[in-house]
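Should a chain be cited, it is by its letter among A, B and C, assigned in written order, with residues numbered from 1 in that chain.
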Amino acid sequence: MKFLNLFLLAIPVSIFFHLADSSPILAFLTACLSIIPLSGYMGKATEEIAIYVGPSIGGLLNATFGNAAELIITLFALKSGLVEVVKASITGSIIGNLLLVLGLSMLLGGFKFKTQKFNRAAAGMHTSMLLLAVTGLIIPAVFLNNHSNPAAEPLSLGVAAVLILIYLLSLLFSLHTHKDVFRPSQEHSGTPQWTRLKALLILLAATIFVVIESEFLVSGIEPVVNTLGISELFIGVIIIPIIGNAAEHTTSVMMALKNKMEISLEIAIGSSTQIALFVAPLLVFIGYLSGHPIDLLFTSYELVVIILGTVITAIISMDGRSNWLEGAQLLASYVIMAIAFLFV
Amino acid sequence: MKFLNLFLLAIPVSIFFHLADSSPILAFLTACLSIIPLSGYMGKATEEIAIYVGPSIGGLLNATFGNAAELIITLFALKSGLVEVVKASITGSIIGNLLLVLGLSMLLGGFKFKTQKFNRAAAGMHTSMLLLAVTGLIIPAVFLNNHSNPAAEPLSLGVAAVLILIYLLSLLFSLHTHKDVFRPSQEHSGTPQWTRLKALLILLAATIFVVIESEFLVSGIEPVVNTLGISELFIGVIIIPIIGNAAEHTTSVMMALKNKMEISLEIAIGSSTQIALFVAPLLVFIGYLSGHPIDLLFTSYELVVIILGTVITAIISMDGRSNWLEGAQLLASYVIMAIAFLFV
Amino acid sequence: MKFLNLFLLAIPVSIFFHLADSSPILAFLTACLSIIPLSGYMGKATEEIAIYVGPSIGGLLNATFGNAAELIITLFALKSGLVEVVKASITGSIIGNLLLVLGLSMLLGGFKFKTQKFNRAAAGMHTSMLLLAVTGLIIPAVFLNNHSNPAAEPLSLGVAAVLILIYLLSLLFSLHTHKDVFRPSQEHSGTPQWTRLKALLILLAATIFVVIESEFLVSGIEPVVNTLGISELFIGVIIIPIIGNAAEHTTSVMMALKNKMEISLEIAIGSSTQIALFVAPLLVFIGYLSGHPIDLLFTSYELVVIILGTVITAIISMDGRSNWLEGAQLLASYVIMAIAFLFV
């Protein structure tokens, strides 16, 4: 993870390009680069604080702020009225975590270990959670064909409420009533490496910079679309999720290389579930309250990749074993989808 | 189950409202209430008779008349030309049994027992049966986009014939060649509680009243739609299946509370399968012969909820274990679907 | 398998009808019949040669030429501009192998043995491969609604490249890094029954006749469509795959009757995977290079049957056991689909 720190150098550069107002595309690119280590520091600092406050509140902290960097980027996109980018990045986070992160982890882990095993019960729990989330994301789009339908807002709010409720119940389940099923997640707690103060200060600094860079990134989207000919959809589905999750990707792969596939799985599938059950509904509520309404009516492209990504991951993780070919299959699915999003 | 007997008082009230011809809505509501215990008595009496005639013919009886109350309601709806209500109630029975009944059973059972186990082989058998049924319900709608297609009738009849054939083969399988796989179902036979005559008389009386109340219910649908603004689709998908299956719901939950999750599963998934493989095709044939034709072309809303309901149930039941969160997930899926049907 | 040799008599008859130029329909029918044993000899000869050249190259040979007869027929169809027939026969081969071949094997094997077991790991590997293939076939059609979209060609080529790459990786996996997972496949190697020369000569002769008969078959499609009123779609989805795979069907059923369900499964699912990951992408490349372009945009009918066929097979094979009812379920799904294709 240490080489990612190099990207911190992109922070001053992006600020320069933004202030100089000469090249929004370079500001966009450097902002992208800088967010990679920043989101990593946000995650690491949250985990450290979580250790100090104990497993229950700590688990809650991790669960709530695990995707904070991404939430900040999407909030800025929402504020700028880039509703489609927001929904695309939700889609992209889900398939990115399921196919790219898990695929890379299984592939590289599989090069080192012939077969890697993990707890089927935990995998099954994640999978059924994901399916429920997918149900919540599919139903509104299928029932109301277009956004101008007056029922789009109340239906989205209703579905969002159910999804958040289930998310809270799942926290109760994994942190309280059935915490033994998710034992492996405690492994990456252990003893803190930072002092309480250091963790808080780093979290604060990283968050401030993420906010700044997110604004640069979002204000660079339109110039990038106009100049480079990349679609908003592609930026939302492929680029933003890769940036926002890069740090987690690294951790997941490192765990796979240590033969702790269980933790890789939890990071990848858990992060997808969190996006679908917590971040997406939260955006609906924030959008509604802040006057930048966003509904849950995804495009048919998005629905198809979410469904396929979920089903493939479910089938591959269901047997509690993985190998390099399964990793390659997940990656191939991701590449096929990415190519298709390029051509839309 | 005993408190449901109170609803029997709704019988005279519904008759009064119907004869008075003043309030079709109140007649509808009281008819709904009265059908709840009546369908329970039909089911109970059928089971009692099944014990007297021995396991083979008894199993056949249970399998054929298990959803008799619902069949009667839908036949009256069909006679009144409410074809969409009939198809909606088929959809609703499938998702109601899979998500509402099974969800409630797993939730309440899971509050009492941390993890409940059941036979994976039987669950797998039910699931693949369900998938086949779903195939039969999806294919006609996808291949023929609209009902005015002249092929809608012959295709529906052909598919219905295949589905009923497979249903008969599945009876041969579970009652004859592989009866040991479904052993648990024998547990709720045991010794009869009623005499043969009592069982027959109760079956007769309950059936007569169900017929009467079904007519009240069906003739109340139009006034309810016009006055209360609830759609026919919602009545068909949500209300009718809840009434028609209420007694079974109670039994399924009670079995879960006794930690007999296997029987809960059999009631819930078995009932869905029966609706899809036997009741739906039977309605196609009866409709064809009686001059009130009904095809198997479901709406895209119905198809999506049937598919999602089946896949979620398959994934959740595949590991042979359940807990309260899985129950909550099934219920949440049902609630999301119900909200969506409200807004269509 | 020996009685299939009788169909070799159809070779001279088909040549006569073709040269006489009087009855293209009879030429079509006799060509169909003659291809059944010929494709069987191609497969058998390939297997024999594979034994001589050793497991690695032999496995490669089997994997590459396993569906050679079908590839030849579709190449002729492609040359004649029957692009829809080609895509329909890809669809038909996939569902034919999954539902018809596997269904028949499980049904007949299940009549003889109450429960048949097979290796879940291998079944799971095939299933996830199949899902990936299905992803590659679904994505282009969903993202680009119609063939006139200029992106249809580059997207199809890109997806085809990814699919072939994964196919090659899967060969590396099953023949090299994880060959122990697929142990059963070695069982039908054993000692060769033919000499090297005999095998080569038979392969050569069978291939030449398949080429000739394929031309007769393809040139008879139009007259058959015009005279008998069967659609091109039906010929492509149902008739061509049955002819092209008849020999494999026989082998698969025979293995099931010997209680070697593992080999049946490998033949059926493996053949489907090969069609989707190797034959279909190869056709895209050959079509592109030869100026008879073909894209991967399947119709919604085809997508639905491919998806349903894959999911049903996945669910049924996931528990590592089969019985006659599961076979009947697969067959029933096939029959429902075939009826639907008749009516389109």
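As a working rule, a residue touches a chain if its C-beta (ideal position, glycine included) is under 8 Å from a C-beta of that chain, and two chains touch if they have at least 3 such contacts.
Every value quoted in this text rests on a predicted model; they were computed, and no experiment measured them.
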Pieces of the assembly without chain A, by contact: one piece
Same or different residue numbers at the chain B/chain C copy interface, by half rule: different
Chain A onto chain B, rotation angle from CA fit, given as a multiple of 5 degrees: 120
CA centroid of chain B to CA centroid of chain C, Å: 40
Residues of chain C engaged with two or more neighbouring chains: 311, 318
Contact set on chain B toward chain C in their complex: 120-121, 124-125, 127-129, 131-132, 135-136, 138-140, 142-144, 151, 154-155, 158-159, 162-163, 165-166, 169-170, 173, 177-178, 311, 314, 318
Parts of chain A lying in touch with chain C, wherever the complex brings them together: 114, 300-301, 304-305, 308, 311-312, 315-316, 318-319, 321, 323-326, 328-329, 332-333, 335-337, 339-341, 343-344
